[in-house]
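Below, subunit A partners subunit B and then partners subunit C, in two separate complexes.
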Partner chain A sequence: MAVAARGRLGRNRLYLAGLSPAAFLLALFFVGPALWAIGSSFTNRALVGLDAANPRFVGLDNYARLFSDPDFGRVILNSVIFVIGSAIIGQFVLGLLLALLLDYAQRRGFLATSLVYAAVLLAWVNPTIIAGFLWVAMFDFYNGSLNAGLHVVGAPPVNWLGQGPMLAVIIANTWRGTAFTMLIFLGALRTIPSDIYEAARVDGASAFRRFWDHTLPILRPIAALTLLSVTMATFGTFILIQTLTNGGPAFQTEVIALYAFHEAFQNHAVGYGSTISVVMLALNLAFAVVFLRWSRARA
Partner chain B sequence: MTAVTAATGRTTVDELARRATTEPPPRPKARAGPLEWILVHIAFLVVVAFFLVPFLWLLSAAFDAKASAYIQFPVEPTIMNFVKIFTEHDFARVLANSVFVAVATMILVVFTVSLAGYSLSRLDLRRKDWITYAVLLLQTMPISATMVPIYGLARQLGLRNSYLGLILIHAAIELPFLIWLMKGFFDSIPRHLEEAAWLDGRSKFRALIEIVLPLARPGLGIAAGLAFLSAWAEVLMVIILIDQDNLKTVPLAFYEAMRTQGGYTEVQYGVIAAMAVIYLLPVMVVFFAARRLMVRGLMSSTRGL
Partner chain C sequence: MDEVVRQIITRRRFLQLSAVSAVAVACSPSAVSSPSSAGSAPAGSSPAGGSGGAPSGGAVTGTINVSYPDEAGLKPKYVEQAAAAVKAQFPGADVKIDLQKVGDDDFYTKLLLALDSGTGPDVFHVGGSSIGELADASYVEPLDNYVSQWADWSQYPDSVRTGVTYKGSVWAIPYGLDMRWLYYRKDDLQKAGLAADWQPANVQGILDAATAVKNANETNVIPYALYAGPAGSSGTADHAFVPLLWAYGGELQDSSGKWIGDSPATKKVMAYYQKAYNGLSPKEILTSTKPWTAMREKLGNGQLALLFEGGWVYGGWASANKAATEQNVGYVLHPTENGGPSFTVGGPGTCWYISSRSTNKQGAWEFIKAMNTAEIVGKLNAEDPHPVARTDAADIPEFKSDPYLVASTAALAKAKFTAPDPGYSKVIEAIQKATARVAAGELGPDDAAKRYTDDLTQALGADKVTSQ
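Let's turn to the complex of A and B:
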C-alpha cells in the first residue's frame, strides 16, 4: 500500500517534469505577456524616448483615458459591427446554408459536391495575409474583379475600400472563415440517416416539415457553441483588416486589435496599447469561460 | 473517465470536424428530378465563383508580365515574376530562413508535446482536469491581443531579431491544441505496455521512447505537420519580432512587398502574386495530401489572425 503510493507519487513527479518544457513555453508566451500587459497598463511606457527606458507608474490613468476616449468607443462599435457582419451574418448564416446545401446534394449523389466543398475549404486554409492580398485585388476600383463583374451586369463601379470599407472587410472575412461553420454543421448533419428523410417523405411530410422535425433538432445544440467560437475568432481579427484597409479610411474599420497595434507602434504609446490589450484579453476570457462551460454541459 | 471530455470545448468541435471530414457521406437514396438538379447546380456555380475567383486571379497574375487586378488569362504569359523575386527580392535566402524556422519549430514542438501529452495522459492527480481546462483556456487567447506585450517582453528578454525567439513563440502558439491532441493519442495506448517495459528494467524515459512513442506515430505526424504549417504561415509574430533584412522569412517578405510595391496606384501585382504562390505551395501540398488532418488542426484554433 505504502509502496504503491510512493510509486504513484514518484511517477507523478516524473510526469510533472515531463510537462515542464511545455509549461515553460506556455508561461513565457501566454501568461507572461498577459502579466506584462497588466503591468505596463499602469505605466506610461513608450516605444522610443525617455519613457521607453524609464517608464513611470501612472496608476489608473490609462484606464481612465481609455474609457473616456471617443476613439475607443468608435473602435468597440466597429468591432461589434464587424463581428455581427462577418461572424454572425456572414460566416454563420452562409456556413449553415452551405452545410445544408452540400448535405442535401450529397444525399442526392451530385458529383460536383466535393468540388464545392474543396473550394470553400481552400479559402480557409490559406494564410490570412494572402486572403488580404487577394481581396485587395478583388476590391480594386479600376480593374478589380468585383467591379468588372458589376460592369458585366450593367451596374456602376463601387469604390469598395474607399466608400464601403466595413462592408469590404466583412465580405473578405466571410470568404475566409465560412468553412469553419460549414464543417461543424456538415458534421452534425451527417449523423442523420437518409432513411429518416425517406420515411418522412413517404409519410407525406413537406420539405419544411422534414427540416423542422429532423434537421433542426440536430443543429440546435451546437449552434450556440459554433456562434461563440466564430465570434471569438472574429473578435481577434487583425491581419486581414490591416492588409485591406489598415483601419481606415477615417477610422471606419479600426477594430480593437488594430487600435492596440496602432497606439503601441504608431503612436509609440506602449503603456496605452497594453491597456487596450488587457481589455481585449478580459473580454476574450469572458467569452472563453462561457464557451468552455457550455461545451462542458454538452459533453 | 469523463475527464477527457469534461473540460473540452474541443471534443464537441473536434468530434464534428472528424465526422465532417472522415465519415463517408450518406448514401444517396432518391434520384433527383431535373429541376432540382438545375437549381442545386446554379447555387453551386455561385458558391464556387465566390470562393475560387480570387485564386484563379492569383494564378493568372503570377504568370502574367502585365498582371493587374483584373482577372484575365495572362496577356503575356511569363515566369519572369518568379525570376524577379529571386533576383530582386533575395527570395532564396528568405525561403531558406522560412524553412529553417519552420523545421526547427516542428522539431521543438514534437519533442515538447510528446513529453507533455504523455505526462498529462499518465498523470494521476485528483484535479487533473483543471490542467486540461487551463490549457484549453490558453488556446482561446488570440495572439492579436498579446501582440503588444509579446513585443515588449521579447525586447526586454533580447528575443527580438533572433530565430530563437521566433521559434519559441511559434512553438508556444501551437502547444495548447497539440498537447490536448497528443494526450488523446496517449490515452488510447494501454498502460500495461510501458509497465511491462519498466519491469524489464527500462527507465521511464526509454520505455516512452521505445515502446509508447512508436505507437503514437500517427499523432506525432499530425503534430509535426501542423507545427510546420503554422510556423510557415504565421505572420503577426514575425512582423513584430523581426526587422533585419537578413532574418526575413516568407510572410514578412510578402507583407513588406505588399506595403512597398502595393500603393493603391502602382501595384506590382505580378511580383507579389508570384510570392504568394510560393508562400501557398506547402500549404496546398499538405491540404491535398492530408486534408482531414489539416482541417481538424485548423478547426481547433479559434484564434483570429
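Let's turn to the complex of A and C:
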C-alpha cells in the first residue's frame, strides 16, 4: 500500500511540482485569509474600543446575532435580487445574446461589428471604481447627465438613485459586466464549425431550432462555468454599489458584501464583519457545487 | 506672581491626575532638562520632559511622524510652521509630515488599520469624540505627565479639559472647539414672507419656515436639509438627530450611562424626520456621496434655505464671498419643543493624539506644543472658524475683530456636549439606520423608534440599552 502510494507520488512528481506555485499562491491569498476570517468570526475582534485591546473568543455569539439581525434577511433578499437581475438576466442572458449577434455579424463580415465589440469591451476594461463614478455622473440628481437631458426637454428632474435604487445599480453592473460573458461565449461560438449549421439548414431547421439543437448543447459546459463565475463575482460586488448608493436609501441596496464591509470597516466590528463574510463564503460554495453538478450532469 | 500661581495650579492638577509621579512634581516645568529626569510614570506612559520655550538641547532626536487629513487645505501651512519650529529647536530631530487629502472618516479607518497592525504615526489628528474608543483600545498615550509640565495648559478652561478627559486622564490636545448653528438664508426666507432676522419660536418653527419656503415656489430653492442615514456620516447624529432629541427633552444616555432607545422624545424626533422628508428635505441626502458637500454649497449660494451645521462651515462661504455671506446668511441657536432656552451642540473638535506605540513620544509632544501655540491656534481658528480651545488665542486681532467668531465663542456657554463614550460611534450607526428608515418611508415614527432600541441592543448588548 505504502509502496503503491510512493509509486503514485513518484509518477506525479512533475505534475505536483507544476501545481505547487499556484497552490502556494492560492493558499497565501485565499485559503489563509478565509481561515483567518473563520477564526475571527468566533471572536469579538474590533478595530477600536475595548474589544480592540482584548479580543475574546465568543463562540457562536456572532452567528446567533447575525441570524437574529432584522436587517440580515433584507440584505440576503437584496443580494438575490441583485444577482438575478444583474448577473443572470443582465450579464448572462444579455452577454449570450450579444455574443450570438456579434457572431452572426462577424460570420457575415458586417462593417460595424468591431465598433460594437469595442464599445462593449470599453465598459469592461474600466476599473470598477471608474465605472461607478461614470454612473454617478449619469444618475446624480443635481449634476447628472440624465437630469440634464430632462432639463433640455423641459421635464422635471428625477431622483434616479432614490426612486429605483436597485434597478439603477443593476443597470450599472450589467453595463459593466456584460462584456465578460460576451467574450467567453463569442470564443465558444467560434469553435462551432459552420458545416453543422449548413447541414441543419439543408435539413430545413429554423434559426431557433438550429440554436436550440446545436448551439446551446455545445455551449452548455461553458455556460455553466460562466454562470458560476458571474454569479460569484456579482455576489461579491460592493465597490460599484458603494460608489452609487452606498447601500441606501435605508438598506434598499445593501448587499451582503457591502454589509460585511460596513460592519468591519465602518462600524469597526471586525469579528461580526468576518461572520457575515463567512456566511457569504458558504453561500458561494453552495452555488459552486450546484452549478458544477449541473454542468457535469449535462456534459 | 502669575507664573507662580500657574505653577501651583499645574502641580495641583498634576497631583489630581496622576498619583504616582511624585518625583515629577518636584521638577518645575523650567527645571526639567531631560526626559529621564521626569521620574516614574503611570503604566503605559512614558516620562514627560522638555518644556515651554527653553530648548532642552538634544533632548529630542530622530524622526517624528505626523499624520493628518485635510481636504480644505487650511492646515498645511500651520503644520509646516510647527514642524519648522520643532526642527529649529531640536537640530537632531526631523519631522515627517504625512498629509492625507481624504475625508475624516476614510482617514480614521486607515489610521485604525495601521494602529491595529502595530504601525502608524507618532502623532495624529482625529476627532475628539473618538477619545473613549481610542483610549480603550490602548492606541493612544495618556498625556497627564506632559500637560502637567506644560505652562500653557493653564490657558485651557476646565470645560475644555473635561472634554478631553476620559477615565481620569487627558488623552488629546484640542485646539478648535465644535459648535453648530441653525443657518438660514435671509433672502430665501424674505421671499417666503418671513423676517430677515428670523428666529424660530420652537422646533415646529423650523418646519413652518421650510414649508413657507416650499410654498413660495422659488425655482431651484430647497427648503431644508436634515441629514439622515449613513450617507450623512456623523452629521446625521451631531447636526440632526442629537439636537432634535435634546430639543424634545430627550437624552442619549440615562444617569447610569445606559443608552436610551425608544422614548417619547425619540418618537417625536422620528415624527419630525417624517414631516421633514415629506417634501421639505431632499431624499437625495440618503444616497448622495458626502451629501453635506452639496448642501453646504447650496446654502452658500442661496439654493438651500435652512440647514443645521457645524460652525466651521461658515468659513467656506465667507472665504468665497464675505460681504454676500454676511448679508444673506443668518445663524441662530437650535430651538426647543416648547420655546425653552435655545442651545447648540458642542464638542472638543479635532484633536492631536500621541500613539501609544510611538518610539518618539517626546518628539511627538514637542510637535503638539509647537502646533498649539496661542498664535497658531488663533490664526487657524480664525481661518477655519471654531471657538478656540485655549483662551489666550482669542486675543489675536484676526479673532477679536470677527463678529461671527465672537458670537460662536459666546454660544459655547449654551452648548450641550456629548460624552466621550466609547460606545458613541455604534450609537451613531444605530441613529443612521433609524433616521434612514423614516426618511425613506420604510417605517413610521413609532416603529422606527422601536427598531432603534433593537439596533442599539444588537450593537452594544442588552445590558447597555434601555427604553423609556
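Quick notes on this one:
Simple rule for what comes next: the second predicted complex is superposed on the first by the 220 of 299 C-alpha atoms of A that agree within 3 Å, B and C clash if a C-alpha of one lies under 4 Å from a C-alpha of the other, contacts with A are read in each partner's own complex, and residues count from 1 in each chain.
Going forward, a contact is a pair of C-beta atoms (placed from the backbone, for glycine too) under 8 Å apart; a residue touches a chain by one contact, two chains touch by 3 or more.
In this text the structure is predicted, and so the values were computed from the model without any measurement.
Once the two complexes are laid over each other on the shared chain, residue contacts for A:262 go to subunit C alone; subunit B is not touched. Once chain A of one complex is fitted onto chain A of the other, the partner contacts of A:79 are absent, as it touches neither subunit B nor subunit C. In the overlay built on the shared chain, the residue A:48 is in contact with subunit C alone; subunit B does not reach it.
In the overlay built on the shared chain, the residue A:91 is in contact with neither subunit B nor subunit C.
In the superposition on chain A, A:142 makes contact with both subunit B and subunit C. Once chain A of one complex is fitted onto chain A of the other, the partner contacts of A:62 are absent, as it touches neither subunit B nor subunit C.
Of the two partner chains, subunit B and subunit C are each touched by A:243.
In the superposed model, A:32 makes contact with subunit B only, not with subunit C.
When the two complexes are superposed, the chain touching more residues of subunit A, out of subunit B and subunit C, is B.
Of the two partner chains placed by the overlay, only subunit C lies in contact with A:159; subunit B stays clear of it.
Subunit A residues in contact with subunit B (one complex) as well as with subunit C (other complex) are 136, 140, 142, 161, 243, 265. The residues of subunit A lying in touch with subunit B in their complex are 8, 11-12, 14-19, 21-23, 25-26, 28-34, 36-37, 40, 45, 98, 101, 103-110, 112-113, 115-116, 119-138, 140, 142-145, 148, 161, 175, 180, 183-184, 186-188, 190-195, 197-198, 201, 222, 225-226, 229, 232-240, 243, 257, 260-261, 264-265, 270, 273-274, 276-277, 280-281, 284-285, 287-289, 291-292, 294-296, 298-299.
Those residues of subunit A that touch subunit C in the shared complex are 46-50, 52-53, 65, 69-71, 136, 140-142, 159, 161-162, 165, 243-252, 262, 265-269. Subunit C makes touch with subunit A in their complex at residues 105, 109, 112-113, 116, 130, 132-134, 136-139, 229-231, 282-284, 286-289, 294, 422-423, 425-426, 429, 433, 436-437, 439-440, 442, 451, 454, 458-459. Taken together, the subunit B residues at the contact with subunit A in this complex read 2, 5-13, 15-21, 23, 25-32, 36-37, 40-41, 43-44, 47-48, 50-55, 57-58, 61, 68-71, 111-113, 115-116, 118-120, 122-125, 131, 133, 135-138, 140-153, 168-169, 171-173, 175-176, 179, 204, 233, 235-236, 240, 251, 254-255, 258, 262, 264, 267, 269, 272-273, 276, 279-280, 283, 287, 291, 294-295, 298-299, 302-305.
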